[in-house]
Amino acid sequence: MSILINKNTKLVVQGITGRDGGFHASKMGAYGTNMVAGVSPGKEGTKVNGVPVFNTVENAVKATGANTSVIFVPAPFAADAIAEASEAGIKLVIAITEGIPTIDVIRVTPILERNGTKMIGPNCPGLISPGESMVGILPVTIFDKGNVGLISRSGTLTYEMVNQLKSHGIGQSTCVGIGGDPVIGLHYKELLTMFEADNDTDAIVLCGEIGGDAEEQAAAFIKENITKPVVAFIAGQSAPPGKRMGHAGALITSGSGTAAEKIKAFEAAGVKVAKEPAEMPVLIKKALGI
Amino acid sequence: MKIHEFQGKELFADYKIPIQKQHVCTTVEQVGVAFDELTSPVVVKAQVLVGGRGKAGGIKFTKTREDAMAAADKILGMDIKGLTVEKLLVCEAVDIAKEIYVGFVNDRNTKSVMLMVSAEGGVEIEEVAKTNPEKIIKIPIDPLVGLPAHLARNVFFKVLNDGSQVRQAADILVKLYKLYVEKDCSLAEINPLVITDDNKVIALDSKINFDDNALFRHPEYEAMADYTDDEKLEVEATERGLSYVKLDGEIGCMVNGAGLAMATMDMINLYGGTPANFLDIGGSSNPQKVIHAMEYLLNDKNVKAVLINIFGGITRCDDVAKGLLEAFKQMKVTIPVVIRLSGTNEKEGRELLKDSKELISADSMADAARKVIEAAKNV
Amino acid sequence: MSILINKNTKLVVQGITGRDGGFHASKMGAYGTNMVAGVSPGKEGTKVNGVPVFNTVENAVKATGANTSVIFVPAPFAADAIAEASEAGIKLVIAITEGIPTIDVIRVTPILERNGTKMIGPNCPGLISPGESMVGILPVTIFDKGNVGLISRSGTLTYEMVNQLKSHGIGQSTCVGIGGDPVIGLHYKELLTMFEADNDTDAIVLCGEIGGDAEEQAAAFIKENITKPVVAFIAGQSAPPGKRMGHAGALITSGSGTAAEKIKAFEAAGVKVAKEPAEMPVLIKKALGI
Amino acid sequence: MKIHEFQGKELFADYKIPIQKQHVCTTVEQVGVAFDELTSPVVVKAQVLVGGRGKAGGIKFTKTREDAMAAADKILGMDIKGLTVEKLLVCEAVDIAKEIYVGFVNDRNTKSVMLMVSAEGGVEIEEVAKTNPEKIIKIPIDPLVGLPAHLARNVFFKVLNDGSQVRQAADILVKLYKLYVEKDCSLAEINPLVITDDNKVIALDSKINFDDNALFRHPEYEAMADYTDDEKLEVEATERGLSYVKLDGEIGCMVNGAGLAMATMDMINLYGGTPANFLDIGGSSNPQKVIHAMEYLLNDKNVKAVLINIFGGITRCDDVAKGLLEAFKQMKVTIPVVIRLSGTNEKEGRELLKDSKELISADSMADAARKVIEAAKNV
């Protein structure tokens, strides 16, 4: 098992004829992700790397039964693409696109809700269930199948963490990059709940960063609801207030959203916090008793 | 992106939110002229993109032309939290019967625009949030429905009693929401929204931030920007596809990915150094970006050594290596540069750099942090 | 029994301090309608004819348990008042106000739906369950308790019909003026279904008029679903096309929405159509076998 | 309220919907000047608020200045379905590769704005609706979500194949919806929306109706109104709180309530007469309204007798009676007036009128209809 994506994932790539969409579609295909369709308005009837292209997600879903979509559409049009996927019956949307205006994401949220569509991202690297499926832009070679679930607001920091785990022989059930924007789809709580229910996950890595209070909420949620061991890491301890640190969501405002508060919240909830990436595999092994 | 009080109030006027008559002045003489056109008493307010002007002496009430010009003379050029006052807002003082707070902000938890209203107007709302959070009414706005007048009335009847005041305030709130959404704000506050002695409701201050992600559909914002020198660097970096924030430490950092960049800064701190900047070169593999990035680091006089930490995903290590080689050709590097390359095309990248004398190679983040701090000490 | 309103109706009057609202509130009160509250922003704490006034519908519902609202708010603010009632938990809104922009009614419709609020009107005279409750502006003296249900797009035409029935000793279970606007709340279908289920209703009068195809749809619906006798009347047989006949909805456009089509549809569905108001009681008596 | 093609296209231009360059002319000479400023061939189009201009000869393609002026001379003053052509629209002809139909209308059944698109553009859509309804794609728009670009694309991919054409058309549709909602339309059509030979998508015609109920929030519409004499009377009546529609029969009617007014007209017809008008004096009890109403009836030269049918609800019979007495004082009534009073304060009303020689009393609608038709015969 794994969460969200697996061998049954039927993926449609929105923006498949774009530079990024095309490149990463080939990477996903090479990994074995079940890519059934691409969408690019006006290109229906053509193929990209053997994947049939449709004018609309509606057509793609009708023709192929696609159930998952990944968005490589440029920021000005990305929220509309997300809505299109949701309205066409797609149940999981992974929005890679960076720089979508927050109000656009806010507006698309109730549409996702009423259609029962889950979203990962936007501004995320996607997710991988090693050995089964990868949706997004993750460098697949560093991931190994294993029993640790990972949730992260960051991309390359995730790779660093996974690399640290790999160096200790620890593989992953599913790794999810939830995205660095202020408003995103699935967040810690939902994913923690999924990992808690997943038989193949024995421990969870949570990589947070400054901005907002999602980590504090996750800490409280873990204390009440999660029985599997969780180890956290928080990036941005040395970030100054009032400055956006790359990610639109990584911003300490009015002195709240600091790394210190988040670490304190996790420790108060009994969640171990790694001081540096290299400490992560050590704490995970301890948590797993190996 | 932040804008000044007077700019926010100009937007208010566009949306027919009542404001006082206002004059923007950059000289003492202009303040004198402005005074003549207004009815005394008159308020002179520093326009700086930071909170706490009042406490810093940046707001003065004046009753004569001379007072006003004296106040202007004092405030112009004043340093408020590191920012120099270059503009003044001059407007008529109003007789305040009551002050309340209203604001909208993009809220992460409810995934909505959050309406905030408090009877505690005129004081720093962050203070109220910390000390008396129950005094702030928070209501998430349904993005599809928007802010209907009845909802605005319902909220204001919790902090006001008079029907006319509530109607005026509700009207203002509905307009402020419209402005918020149409102008892609990430924050819009009126603090204080005042009820005057003659029962008028007026926006006495404005605080508006625009969502940086939405700037592409608001070309008009460029003209409103008033950046500090450091911010200008950041904006220029953004245009070049980089995320750069200048800090005041000694170790320059170049990293791919915001999370890893923060973690790298943290590690420098953890190992006893001080990061000179946040710098994320992003996900693409354009060597030119590496050259630009290197320029920012080397142009910072505080930087004693540089740490390059790349975990290749989309970013290919060989592209970063090529960019570095090109950068070393174009500029003289006299300080130590420690580099850690992992991930996609790591081997090819290392091969390209193996003859480069300027570079100290590291095997891991921790190793790199240790080496760069050590190197900086010896400069 | 009766439909929609009865002795358990707890009414709040929105716009009670206005000229029309105040006048008709007193009439409703005199008839015995259970008026529990009025709403007028800024007037909370006062009373109008003994009815307590609140600033908001929310306050009125909390304090009095009101479940039905009648709207006398002027057109520019009426749709907002309807939404306010719905959001405050009111389950039946009767919108008397004339002249509300159609797009405002369209916009408030999904809000009513998601809150499970039914609406009568706008631009309607209201409804009456004789002897129990009257909500609106109906002249109560002409109505008698009885076994005929009445649905009408018109106000005074309803009075004429009721008067005709009265002259033959026929009373009503409930009379509903559904309103003369193009887009309205409850329509023929919903009300026919309610009358069909109402034990106290033995026959149904349907007063339609030109414009739209609601009568045609009602005819088809009656044929399939309604077992009780229905007698119809259609106003506007002599109306010219392209002209709005008073009611915003009474408009023959591009040759559709004519009285002739509607009468034909009813007759094809086996529904008797009265040629003039005086024929209505005759046909009803025949239908009831009295 | 209807507006002309050129007015609709001016709105299109405001919303950045592509239109041809256009000139509005009221004289032959102006058409000559317009021709000079355009590239031949040029189309001269009658501007009348009624369909079927083309068939009536109100649209001419011209290749020379002389042709254009000759066409103008022919069309100006032309009668099209009872309307005189006073304005011409002059614009460049385009090479049409394909014509489609797009429109929005307030839909009663779905309680929404209904989007309609058809590959059968350039012909009367009502005809298509009757003969080939399956050729019109109808989609109700969620009023809270609005019309997203992807929905517009989905629809156009059903009638167009080319991606660029679909994107242009979708962009136009999204803008037309915005216009529709912001301007409170009850109908907005582009028929045809054309794809030109060089793959541009352009609105070649416009048909826009505004929702009369929303005029209060669009003061700008008054200047756009172009009413016939009869319509001017109707608008004036509306301002006086009356609903008045002039017809061409002999029996003037004054009724309270639209439904009863229509039923009264129908009954006059049923009993062998012809109604001269629809006139609803509405729900209030203002005697002045009765006076105004009486004026409309008596000013209509065709009217041979008047039927007043009042069923008092909100309208009080005694108020109507007072208004009538006042009207009779102010104007000389030389034709028979039959009155039927029922409902609220019926007794008081009858009492007030019992000495009035001008009035013939009736007991019921049917009685009134019979009496008024009889009276009209004897005039």
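As written, the chains take the letters A, B, C and D, and residue 1 is the first residue of each chain.
We take it that a contact is a pair of C-beta atoms (placed from the backbone, for glycine too) under 8 Å apart; a residue touches a chain by one contact, two chains touch by 3 or more.
Given the structure is predicted, the values throughout are model-derived calculations rather than measurements.
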Pair joined by the larger number of C-beta contacts - C-D, B-D: C-D
Averaged-CA centre spacing for the pair chain D and chain C, given as whole angstrom: 27
Interchain centroid distance [CA atoms averaged], chain B/chain D, Å: 53
Chain B and chain C: spacing of chain centres that average the CA atoms, whole Å: 55
Two or more partner chains touched - positions in chain D: 144-145
Chain contact topology (line, ring, star, complete or other): other
Every chain pair meeting the contact rule: A-B, A-D, B-C, B-D, C-D
Residue numbers on chain C that touch chain D, as the complex places them: 75-76, 98-103, 105-107, 109-110, 125, 137-139, 141-142, 152-160, 163, 180-183, 207, 209-210, 212-214, 217, 233, 235-240, 243-250, 254-255, 259, 275-278
Residues of chain A that touch chain D when the two form their complex: 40-44, 55-59, 77, 80-81, 83-84, 87, 111
Parts of chain B lying in touch with chain D, wherever the complex brings them together: 144-145
Residues of chain B defined as touching chain C within the complex: 145, 148-151, 153-154, 157, 162-164, 166-167
Residues of chain D touching chain C in the complex: 106-109, 111-113, 126, 129, 142-144, 181, 184, 186, 211-214, 216-217, 243, 245, 247, 255-263, 265-270, 275, 278, 280, 283, 311-315, 342-344, 364-366
